[in-house]
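The chains carry the letters A, B, C and D, assigned in the order they are written, with residues numbered from 1 in each.
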Amino acid sequence: MTSATREKELKPRVEITQISGTEIEVNMGPHHPSTHGVIRFILFIDGEIVVRAVPDVGYLHRSIEKIAESMPYSFFMPYTDRVDYVAAINCNLGYALAIEAMGGLEVPERATWLRMIGVELNRIMSHLVGVGALPLDLGAFTPFVHALREREHMMDLLEILTGTRMNNNYIRFGGVCQDVDDEFLKKLEKYLDHFVLFLEEYDRLIGTNKIFIERLKNVGIVSGEKALSYSFSGPNLRASGIGLDLRKVDPYCFYNDMKFDVPVGKGIKGTVGDSFDRYIVRIEEMAECEKILRQILSKIKEGPIQSKVPKKLVLPAGEAYHHTESARGELGYHIISDGKSASPYRIKIRTGSFASMTSLAEIFKGMMVADVIAYFASLDIVAPEVDR
Amino acid sequence: MTTYLKNIWEASATVFEGMAITFSYLLQRPITVQYPDRLKEPVPKTLPKNYRGRLMVDTELCTACALCQKACPIDVIEMKGARTERKKGLTLIYFNIYHGKCMYCNLCVEACPAEEGDEEAHHTAIYFKKDFEGSGYELKDLVEQFIPREEAIQRLKEAEETAAKRAAKAAAESAPAEPKKEGNA
Amino acid sequence: MNFPAAHLEKLAKLVDSVYNGAVSSEIVQADTKIPVLKINSRDIRKVVELVVHHKDLGFTYLNTISGTHLAETREDESLDLKGFEMFYVFSNSQDFSSLAIKTTLPENNPEIDTIDDFSGSANWFEREIFDLLGVNFKNSQDLRRIMLPPDWEGHPLRKDFKEGSHYNGIPTTRSSELEAIRIE
Amino acid sequence: MTQFIYMFIFAVIYLLSIAVAAGFLTVVERRIAGRMQSRIGPNRVGPQGIVQWIADAVKALQKEDIIPTDAHSFLFKIAPYLVFMGVFLTLVPIPFGAYTLMENLDTGIFYVLAMASFVVIGVMMGGWASNNKWSLLGGMRSAAQMISYEVPAALAVFVVVVMAGTLNFQKIVFSQGASPVDWYVFRNPFAFIAFNIFFIAALAEGNRVPFDIPEAESELVSGYNTEYSGMRFLFFFLAEWGNLVVIGALVSTLFFGGWNFWFEYTLEFSVPGRYPIRFEVLGFLWFLFKVSIFVFIIIWIRWTLPRLRIDQLMDICWKYMVPIGLFASIGILLWMYFVPEKSLADTIMRYSMTSFGGLTILYFFYRVFQNLRVTKAKIYANPFV
């Protein structure tokens, strides 16, 4: 796409010439109730309409990539939790898989199943925050608390699985840190029965609500082509009608054997790729996660959970780009090893939220202030994943 | 006109439905519990086996091998082992844990070689206890000294003495050998 | 996804034929089965245009842009050059097979052409590299610091970055209040 | 002079009671919200947290009274009082019983509609004077919203006025009976439509969800009252919750028979001293009960629905409520002309409307219990409960 055609396509939906031309510069964030953590937009508004927006990130930049260069490979695992604290095990998994691919480490079968349980549970938890925070930003508080209540039960499950509620640091190179007994698996199965009922009720509480639909439909439309151009990934990309799921197209763990659908946005209430599609894709994806979890439960077998990994891990010289499907899209680790030291030469983390953020400046143009919030909330962005 | 009426109908029907759900929650018991005073049993008892609460050290079991200290990515553990006359092997001089820094990653526990107990009450020398309430008013309240300070200073003194004795002994042993070397040279 | 071998040959041929030897390229298979196209940094726009717009290729999806500072302090055969290494990952929007483009830049005054008109997200990825590594992207729409404040000095991901003692009058290290309870 | 003293005493009593009611309502709201969200809510201060509002008030009073540097200090200072006045004055002509009212104004409804506009002035003043762009946005939004919604509210009130033939609240109460069949809301379909319009418009005038756009917490931080603290903030706060009482009182007076408690108020009672005091008390309690039902519904709506966008808000006002209001007001004129009171058609309509209302409520509870069954299944399937 050349520059000219892109400009044409990204033309604001509201003709800015129609409005008076007196801009007010307002500062939204970093401490604003709906900028999810510390993200800031400088909005130039004319009445209620945003003429221009400058997103500003970096308030949570902790230089995780620099920290990685100063420590052994295994020490960096707890830091990956903090890349996306809402879906911590997903980040663990991406890192572990990349290192295992580079170092040629084996993973026992049961460890992979346990990893998948952790990852899928985490994905549901993350989506619950996403679909809960969306109505919260639109002014409905109760659905958010209901979603968090379910997340709380899942945290109880993760507590048994990993020992912690957040920032689990569950996955180790060549395995996982601890095993679970059958009681946990039974609990999980029982909980999934509960979760199905919750999803149905949640949909009736807010997903079918007329006001909610009106606030989201045809707001922040990102067409499939645009979504690819902005490097959207995960639910955001799928909501734009492009059914790319790394668990399908580039399978890792045992996702090859799993039967699940990839929900895509169909524009059931408005246009494909609008904010409501991003909401409904997440809801459908939670149902798919539930299916995957049931399959895992039927297939998991006893066995060792940790393979032999050298205490001081030195990877062969070389580099790798390994990506997995995290809750917020493609989570890629670009790792460079110099083959001599026990610490990585460079780790670059590619996150879904950062890529989603790139669209803001263009999409915000011509929106109303209330839509800015709806669009931003529907992207389900987590600030530490943007800044790292 | 039909869409007009449909809009009105949809709006009122879905609002009605949502309100029925919220009302039904009004008739249920809340799911939250009144912490900490109205609990059926204390929270630590309800926690799973390997729950990561606060770090705890069994100073009796600890062999002062410092593996946990090396395993910690962020220097939470500050410890020292040295030879004293108290016991064979290394004696723990001091063992401080900076709870304010700890990120509960479990790496130190996995590194610990000293284990004790059966299947039920199994624990390593450094382990997570189920207690999680550890707030304090000052930063130094968050540092737990498992060997009390006075004791630690005492032990440090002993260790220095032992070290001095050993050095003297070593010197005495190697003293006759040294002139020979010089002589050879 | 594993990159089809036929694809790979076609790509090499295409790069050679379209630019008639003007592009110096070399294809290697990296650890994670993503083919890496090594090119000269001045050809980046030509290659990206081919990779993105050619109807047989269509790698329209930019996964990420990564940069690395290869410092002298770690002389090693695998890291063959002193300077900056740029690593572009593109994916095919149909089957999501990925392709990496790698290029190196000199250590002093690293400069490369921007590719931000090929992808909407490239600008932010480039800004991040500009901010943290100090690589200059020529003709970029908007090249500002992104993570760090505008008045920050230095580029932290460079291997020779030294943290200043103060930033805007705030000390970057803090004296520990815990000195009092130390035993040694 | 004595009249002035009486007036002063009554005003103080009214002021105190509305302050107490508003404070108490905050606790009630938080408790209800808590239960709707499976939480407990404030329950520490007093039994079941019932005096939490005193603690909150004391805390708010201790706060420093901050006036932003570049704020217009005079307007900034008086804005909260104007808002509070707008709410408080609307209570003056509303009868709480046969005698429990401040002033039996003949222009009651007109007066209420006029006084409600004070709120707009106060809110805009506060928003503008704060020298904060978010506050200004909130103030502008609220001006647009409140002025727009006065139109459908007035149209809905017009329906009642036509039916009662008077602007006087007391007479409106008299002309409705005690039983649901005699309430205006179930008299005929047009009155029912008018009730819905009035209730929604009142929500919008009171800045309640789903129309809380002026103070949209997640958009404008807190809208026009962002910069206020301490006592001044408390006045905004009192106005907001006092508004609940006002809305409840207006709705139950205009459409639900007011204080009229299960017997006909006949002329002989209008002689002072003839009206039994126990009826007065019962009527007062009956009225309070009706008001609290509506207050509960408003709170309940708040904790269920998301917020509208400003253009949707205007759409609802001008594309839906105003045309429907016009339809209802023309309809009521035709109805009054063709169907005389106490005729057969009138009686049939009354009873069918009442049973329609009753059935709706029954169906609602049926849905509630179905939802409860879902929840029960959920609890059964949950290993952690």
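Some points to look at:
Throughout what follows, a residue touches a chain if its C-beta (ideal position, glycine included) is under 8 Å from a C-beta of that chain, and two chains touch if they have at least 3 such contacts.
All values reported here derive from a predicted model rather than from experimental measurement.
With centres computed from Cα atoms alone, the innermost chain of the structure is A.
Centre-to-centre separation of subunit A and subunit C, using mean CA positions: 23 Å. Centroids of subunit A and subunit D (each the mean of its C-alpha atoms) stand 43 Å apart. Measuring from the averaged C-alpha position of subunit A to that of subunit B gives a distance of 30 Å. If each chain is reduced to the centroid of its CA atoms, subunit C and subunit D end up 61 Å from each other.
Shown for subunit C are the residues that touch two or more other chains, of which there are none. Counting partner chains per residue, subunit D has residues 36-39, 303-305, 371, 375 touching two or more of them. Each of the following residues of subunit B touches two or more other chains: 7, 15, 17-18, 21-22, 31. Pairs of chains in mutual contact: A-B, A-C, A-D, B-C, B-D. Interface residues of subunit B, counted against subunit A in their complex, comprise 7, 10-11, 14-15, 17-18, 21-22, 31, 47-48, 50-52, 73, 103-107, 110, 128.
By the touch criterion stated above, subunit A contacts subunit D in their complex at residues 24-26, 32-34, 45, 47-48, 135-142, 145-146, 149, 153, 156, 186-187, 190-191, 193-194, 197-198, 200-201, 205-206, 209, 211-212, 214-215, 368-371, 373. Residue ranges on subunit B touching subunit C, taken from their complex, read 80, 93-94, 96, 98, 138-140, 143, 145, 149, 152-153, 156. Subunit D makes touch with subunit A in their complex at residues 33, 36-39, 133-134, 137, 140-141, 209-210, 212-213, 216-221, 303-312, 371, 374-375, 377-378, 381-384. Of all residues in subunit A, only 71, 74-79, 81, 142, 149, 152, 159-160, 163-164, 167, 169, 172, 177-178, 201, 204-206, 208-211 touch subunit B in the complex they form.
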